[in-house]
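Submitted below is the structure of interest, expressed as structure tokens.
Per-chain residue numbering starts at 1, and chain names A, B, C and D are given in the order in which the chains are listed.
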Amino acid sequence: MIGEQLIGVILLALLALTAITIARLRNLLATAMLSGIFSLLGACWMLFLDAPDVAFTEAAVGAGISTILILATLCVVGADEKQVQESPLALLVVLVAGGVLVYGTLDMPRFGDPNAPAHQSLVTQAYLYSANAPAEHRETQPSRDAHELETFAVGIPNTVTTVLASFRGYDTMGETAVIFTAGLGVVVILGGARHRRFEPSETVDITPSDERPEA
Amino acid sequence: MDAIREALSWLFIVPGALLCVTGGIGLLRLPDFYARMHAAGVTDTLGTALVLVGLMLQPADWTVTVKLAVILFFLYVTSPTAAHALIHAAYTSGHRPEFAKDAPLPREVESR
Amino acid sequence: MKNHVILRVVTKLLIPYILLYAFYVQWHGDYGPGGGFQAGVIFAAGIILYALVFGLQAAEDAIHPRVVHAGVAAGLLLYLAVGVVALLLGGNFLDYDAFGHHGQHHGILLVETGVFITVASVMVTIFYSFAELVRSD
Amino acid sequence: MKAYLVVAIAGVLVTMAMALVRAARGPSVYDRILAVNSFGTVTVLFISVLGFLLGRPDFLDLALLYALLNFVGTIAILKYFKYGNLAAGED
């Protein structure tokens, strides 16, 4: 048990190390690569917490697609981060906000606590029950019989899929609409690009300044 | 049977993990990019293969064994290709090893 | 990168498996980790790999941007259609029990397909639009 | 918990840390790409071993996903660095 905890601690330490490195780098190409690593580590951490569906999404989106889309953006805007004046006030605001968030976690139930409200709730039990009960079950036992829970039977082994696509179908529809809107926005803003190619004078230097050969 | 399985697991997985660590040390400590490439190769090929073959020996469903074999196949196709493309890009763009800073660009590499 | 022989051959070998794996994740989502969203992203990654190695023009010849734009809307429309058909069959909006005995199964599969189409199309659209901005050919 | 799996996961975690340090330190962009690629390979191993360690072999789906997608990311970074855009067709 201690050994398993140790794996989690090491993964979190690596995540923190990656995040600090990303914050300190001024070379956006390196930042893009390290954020790919960050996603990989995040997915491993979620997998360690036994949430393979979330890890799957993080893996596919974070490590696969978002690196490519960030690179596609860097092609347009160049790979040097704009130098900004760092003010102590900003640091203070971040520290206070972070402190408040950490304070908020103190009230949360312990990790894996069986008495946590999320594990005791009737809704959770219904979700878990429905995922494991076969669809035929409902036919033989009418809903008002014995268990109230049996009205929920869906008969699909993966609880996450059941909750996302069936119980929370409205929610997922909204999410699909959000993705649709994102695609629409990109098409509306950039869709006409093929008619107005960038002139050569507008091209940006995509090599980060610390990678350029000495001139 | 189980004793043989255990022994073979030790024989494959532990050397595989050691080779991974060896590759990692090389990646960290070797002096320049081309040398580090060799170290990464140790992790990517023999280390990966030994660990995955060792996992195939574990008692599990046959689908698990097939999936491990497929993973091994794809890793063996993709990592040497990525390494080749990477070193090709580095050499043609003028990156040179530490000990041969002024090596000329060979014509055949340039034209490929 | 089209003239790079090894890369070209390996990419041609790999792309069918990436697309096939996307469908595996899509249809196997009821039993294991995965679902429409993840499958869409993987499918898009396969198409983007083709565009990276063979050039944007080749990818646009294979899958025209207009088809992709249509896919963005088609996925969401499929999702909404499932809801409306459930409504017409006498159930509530998105109530898959209206589809009969295995209604939940079929409803979830159809809805996930809608998510798959929209996500894959949006990812490819974003890539096309950004790559289009700085193309050199 | 089988001892050889613990050894394997310890080795893999150490390798991940070393690849991460190389990716952060550079110095050239090629070192970083190499480190990210190695990191991806080692992550595939990590997920596989973790699946057996926790008794959840269905984690292997995720390892298979990485084995396929890691390549796409590496090629994208290489193309960006060599051509300056992601659209070029000819060399």
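Note that contacts are C-beta pairs under 8 Å (C-beta built on N, C-alpha and C of every residue); 3 or more make two chains touch, one makes a residue touch a chain.
The shown structure was predicted, so the numbers you read here are calculated from the model rather than taken from an experiment.
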item: Contact-richer chain pair [A-C vs A-D]; value: A-C
item: Inter-centroid spacing, chain B versus chain A (mean Cα positions, whole Å); value: 29
item: Centre distance in Å when chain A and chain D are each reduced to the mean of their C-alpha atoms; value: 18
item: Averaged-CA centre spacing for the pair chain C and chain B, given as whole angstrom; value: 32
item: Per-residue overlap in chain C, given as positions that touch at least 2 other chains; value: 1, 3-4, 7, 14, 17, 25, 32-34, 42, 45, 48, 52, 127, 130-132, 134-135
item: Interface hub residues of chain B, defined as touching at least two other chains; value: 74, 78, 81, 85
item: Residues of chain A touching at least two other chains; value: 52, 55-56, 60, 64, 68, 72, 75
item: Complete list of chain pairs which touch one another; value: A-C, A-D, B-C, B-D, C-D
item: Residues on chain D engaged by chain B in the complex (per definition of touch); value: 2, 4-5, 7-8, 10-12, 14-19, 21-22, 28, 30-31, 33-35, 37-38, 41-42, 44-45, 48-49, 52, 57, 60-61, 63-64, 67-68, 70-71, 74-75, 78, 81-82
item: Touching residues (chain side chain A, partner chain C) in the complex; value: 52-53, 55-57, 60-61, 64-65, 68-69, 72-73, 75-76, 135, 139, 154-158, 160-162, 164-166, 169-170, 172-173, 176-177, 179-180, 182-184, 186-187, 190-191, 193-194, 197-198, 203
item: Residues of chain A touching chain D in the complex; value: 3-4, 7, 10-11, 14, 17-18, 21, 25, 29-30, 32-34, 36-37, 40-41, 43-44, 47-48, 50, 52, 55-56, 59-60, 63-64, 67-68, 71-72, 74-75, 206, 208, 211
item: Chain D-facing residues of chain B, complex; value: 9-10, 13-14, 16-18, 20-21, 23-25, 27-28, 33, 36-37, 40, 43-44, 47-48, 51-52, 54-55, 58, 60-61, 64, 67-68, 70-71, 74-75, 78-79, 81-83, 85-86, 89-90, 93, 95
item: Parts of chain D lying in touch with chain A, wherever the complex brings them together; value: 1, 6, 9, 13, 16-17, 20, 23-24, 26, 28-29, 32-33, 36, 39-40, 43, 46-47, 50, 54, 56, 58-59, 61-62, 65-66, 69-70, 72-73, 76-77, 80-81, 84-86
